[in-house]
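Listed below are the structures to be examined.
Below are two complexes that have chain A in common, paired first with chain B and then with chain C.
Then we have the complex of A and B:
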């Protein structure tokens, strides 16, 4: 066992982004409680905290292990941390108008969002099972509360309750998984587990069961197929700008943990069976997600199912997991963060009646009424469909070439085939935007400049990084190379 | 005469199974939540028992302490979950006058 030492200054430096976000959350709550006249300041305060945390996460956090091996920062965790912070940034920008329109503006929304981001950042870097579990719970508790934040709406509280019950059920299994791993291996540190499994000891069935339970728990957070039932319901009820965060950030962090868990077992003697399991999960997510998205009339539910499908594509590089898998995974996660958060941000602006269905047909002809948002939504949809020259295309391209290079041609074929179904329903949104006559007058909308800025940031990111990916790929390549 | 550690593990697994079965079959939200709490506490029990097993196996008392410390964290997590969960139950009950999960069916695919 590694002896625990007192935290040093460099340990605290590792936590600087998290400390800033936590402090800002407390500050926002205090302002809300004692200076209610200034509560609109919550948005700029939260934005400043996230920006500062992002700068610190990139420049200030030393690479390496801290807190006696509980946390580890690498180039990869830094990039994915930035993706999570970006999602939070877009969410806060888009929330301002939404919260004002619905008359539910309160500091606790921003505070919970910042604390949830803290949990996510910790989870991407945690290399010890209890730390992973605690950060998972920190972010889950914040997500449950935020999902039911619009508590005047019946669907919001109901969706949040479903999410809570399923989430708590799954956390109990995650905990049992940790208990089994601890009981068989005698340690909860991922590094020690790796060393133990590499030394060739016989893998106890209970250890396998434990890791399986953990994989299921993170599969739930990523809404992979047998565990996906919560996501459409929760997305429909939750505040739409918050869904921009909920649909991307937890998936980014959970994907990292999933890779950590899988790289424990995939090189081992049972590796082939684990590969088959991951391939099965990927195929299920791609097929079920795309087919169910096809029949949805509600755009939030459609994007919920399409998000399930995207997590299926993301699993493809994990079937043949090695160092080269990080490359497509990181690019795909970045692309997914930008385009999915962007899409939800725009939906938040274009639909006024929260809690009711957000029918795709209501967007008919609005591409001309709202030219900027129409173009932004179009580009996000094209990117989600994987059409060049967007970042979504680049992500899919890297994922599928990775599969082909590792003799998984069949998986790439399934991926491309289901992606074609995806193109159909994404293009239907674009078609509705531009080719149909208007059916709805724009009433009750509140399209403020905060929201417009969020939409433009996401869209420009998707487009510019997709057209000139050279620098981005260099940057990611260097970060990955420095992580091993 | 001491009770063998395996009995504790067996009891924990049984409690966990009862909790899981309850969570899946009960219709009342509070009952589901209680079942989930039972699962968490079953995991706690097995943690303490395992801590003992591991400590005897490795001749290192630190493992037992690790397990016991994890239990404290889990207790705190369960309390935090209960706070959020019960708040959600109240919010739903105010709107719907029921927390029967079968009747909470506004949302369906």
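Then we have the complex of A and C:
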């Protein structure tokens, strides 16, 4: 065991983005409590904090190990940290109008969101199981309370309670997994575990069981198939702009942890069985997610199931996990962040009655009434469906080529096949937007410029990065190369 | 398959533990010994009336939660106080940061009126 030492200046510099976000959360809470007249300032304050944290995360955080090996920053964690901050930024932008419209504007929302982001950033960088668990709890508690933030709505309370009960159960699983791993290996540090497993000791079944429990826990946060039941109900009840964050950021951070866990066991003697397990999870998520999304009438539920399917595509590069897997994974996560958050941001603007069904048919003909938002939603849907020239296409392309290069043609075929189902239900939204007569008068909507800006940022990102991906791919390639 | 024996043992022990606890409770508990052991346990005194007959202020729960928060704070303060000399300045600063965060929470709930009983 490495003894813990006092944090040094460079350790604190590593934590700079998290410290900024935490401090901003506290500040917003105090402003809300003491100067209620200024509480609208929560939005610009939160945005400034996120922007500052992003700048620090990219330029200020030194690459390397800190806090005696509890945290490790690499190029990959920097990029994914930016993706998480981007999701938080879009969420705060879109929340302003929503919270005003529902008359639930309060600093607690922004504070909880910033603290949740802190947990996510820590989780991507944590290289020790208990640190991972601590950040998991930090972000989970914030997510549970935010999911039920619209507390006058029964459906919000229901969704949040389901999420909380299952999440608490899953936390117990994660802890049990850590206990098993520690009991067998005598360490909770990922680096020491890797060294131990590489030295060729026989993997004890209890260690396998421990890692399996951890995989299940993070599979829950990513809403992979046997653990996905919470997501449609929670998405339906939670404030829609917050779902833009919930459906994206925790999945990004959990994917990193999942890769860390799988990197432990996949090169080992039982690697083939773990590969089969990941392939099974991927196929289940793709098939179940896409088929259930097909029959949804409610656009939020549809996107919940489609999000499950997207996590299935994301797992494909992990079946043959090596350094080359990071490339499709990072691109896919970035694409998913932009397009899914964008879609939810636009939905938040276009539906006025929170807590009721968000029927796809209610969007009939609105492509003409709201030209800007209509175009944005169309582009997000095309990107989610994986149609060129969007970033979603690029992500799918890289995922499937990675599978083919690693002799997993069958998995790529399943992926493409299920993606075709996806194209149908995504295009149905576009069809409803432009080819049907209006059925609903636009009453009670509050489409402010904050929300429009969020929609445009996401859409332009999806489109520009999809059309001219050279720069982006260079950037990601350099970051990945510097991480090993 | 033999190496999976510990897991089987673990599962069996887990089931047996629950079963044994329930059976033991059934064997050793006194049955029908009077009305007192059917009362909800609060503090050892006999309840004066049924809990259902009263409405509790929601503030009761808020204050209970606050109590837990500051209770936990004390758990951290005691070991720090005992080891104050060895933790030195670093420990002092770290503890002050911890306390500052809690004080912010305290100010917040105070300002929100969670402590006003009326």
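One rule holds for everything that comes next: the second predicted complex is superposed on the first by the 484 of 484 C-alpha atoms of A that agree within 3 Å, B and C clash if a C-alpha of one lies under 4 Å from a C-alpha of the other, contacts with A are read in each partner's own complex, and residues count from 1 in each chain.
Note that a residue touches a chain if its C-beta (ideal position, glycine included) is under 8 Å from a C-beta of that chain, and two chains touch if they have at least 3 such contacts.
These numbers were taken from a predicted model, which means no experiment stands behind them.
Asker: Mind telling me which of the two, chain B or chain C, contacts the most residues of chain A?
Answerer: B
Asker: Examine A:30 and indicate which partner it touches, taking first as chain B and second as chain C; both and neither are also allowed.
Answerer: In the superposition, A:30 contacts chain C only.
Asker: Does chain B (first) or chain C (second) touch A:387, or do both, or does neither?
Answerer: Neither partner.
Asker: Mind working out whether A:414 is in touch with chain B, chain C, both or neither, as first, second, both or neither?
Answerer: Neither: A:414 stays clear of chain B and chain C.
Asker: In the overlaid three-chain picture, which partner chain does A:155 touch, first (chain B) or second (chain C), both, or neither?
Answerer: First partner only.
Asker: Under the stated touch criterion, which partner chain does A:6 make contact with: chain B (first), chain C (second), both, or neither?
Answerer: A:6 contacts chain C only, not chain B.
Asker: Looking at A:175, would you say it contacts chain B, chain C, both, or neither? Reply first, second, both or neither.
Answerer: first
Asker: Using the superposition on chain A described above, determine whether A:285 touches chain B (first), chain C (second), both, or neither.
Answerer: A:285 sits against neither chain B nor chain C.
Asker: Is A:85 touching the first partner chain B, the second partner chain C, both, or neither of them?
Answerer: So A:85 meets neither chain B nor chain C here.
Asker: Mind pulling up the chain A residues that touch chain B in the complex?
Answerer: Chain A reaches chain B through residues 1, 130, 133-134, 137, 141, 144-145, 148, 151, 154-155, 157-162, 164-165, 168-169, 171-173, 175-176, 178-179, 182-183, 186, 188, 232-233, 236-237, 292, 301.
Asker: Across the complex, what residues on chain B touch chain A?
Answerer: 16, 19-20, 23, 29, 32-33, 36, 39-40, 42-43, 46-47, 50, 53-54, 57-58, 60, 62-63, 66-67, 70, 73-74, 77, 80-81, 84-85, 87-89, 91-92, 95-96, 99, 101, 104, 106-107, 109
Asker: In their shared complex, at which residues does chain A touch chain C?
Answerer: Within the complex, chain A touches chain C at residues 6, 26, 29-30, 33-34, 204-206, 209.
Asker: What part of chain C is in contact with chain A in the complex they form?
Answerer: Touching chain A: residues 3-4, 6-7, 10, 90, 101, 104, 107-108, 111-112 of chain C.
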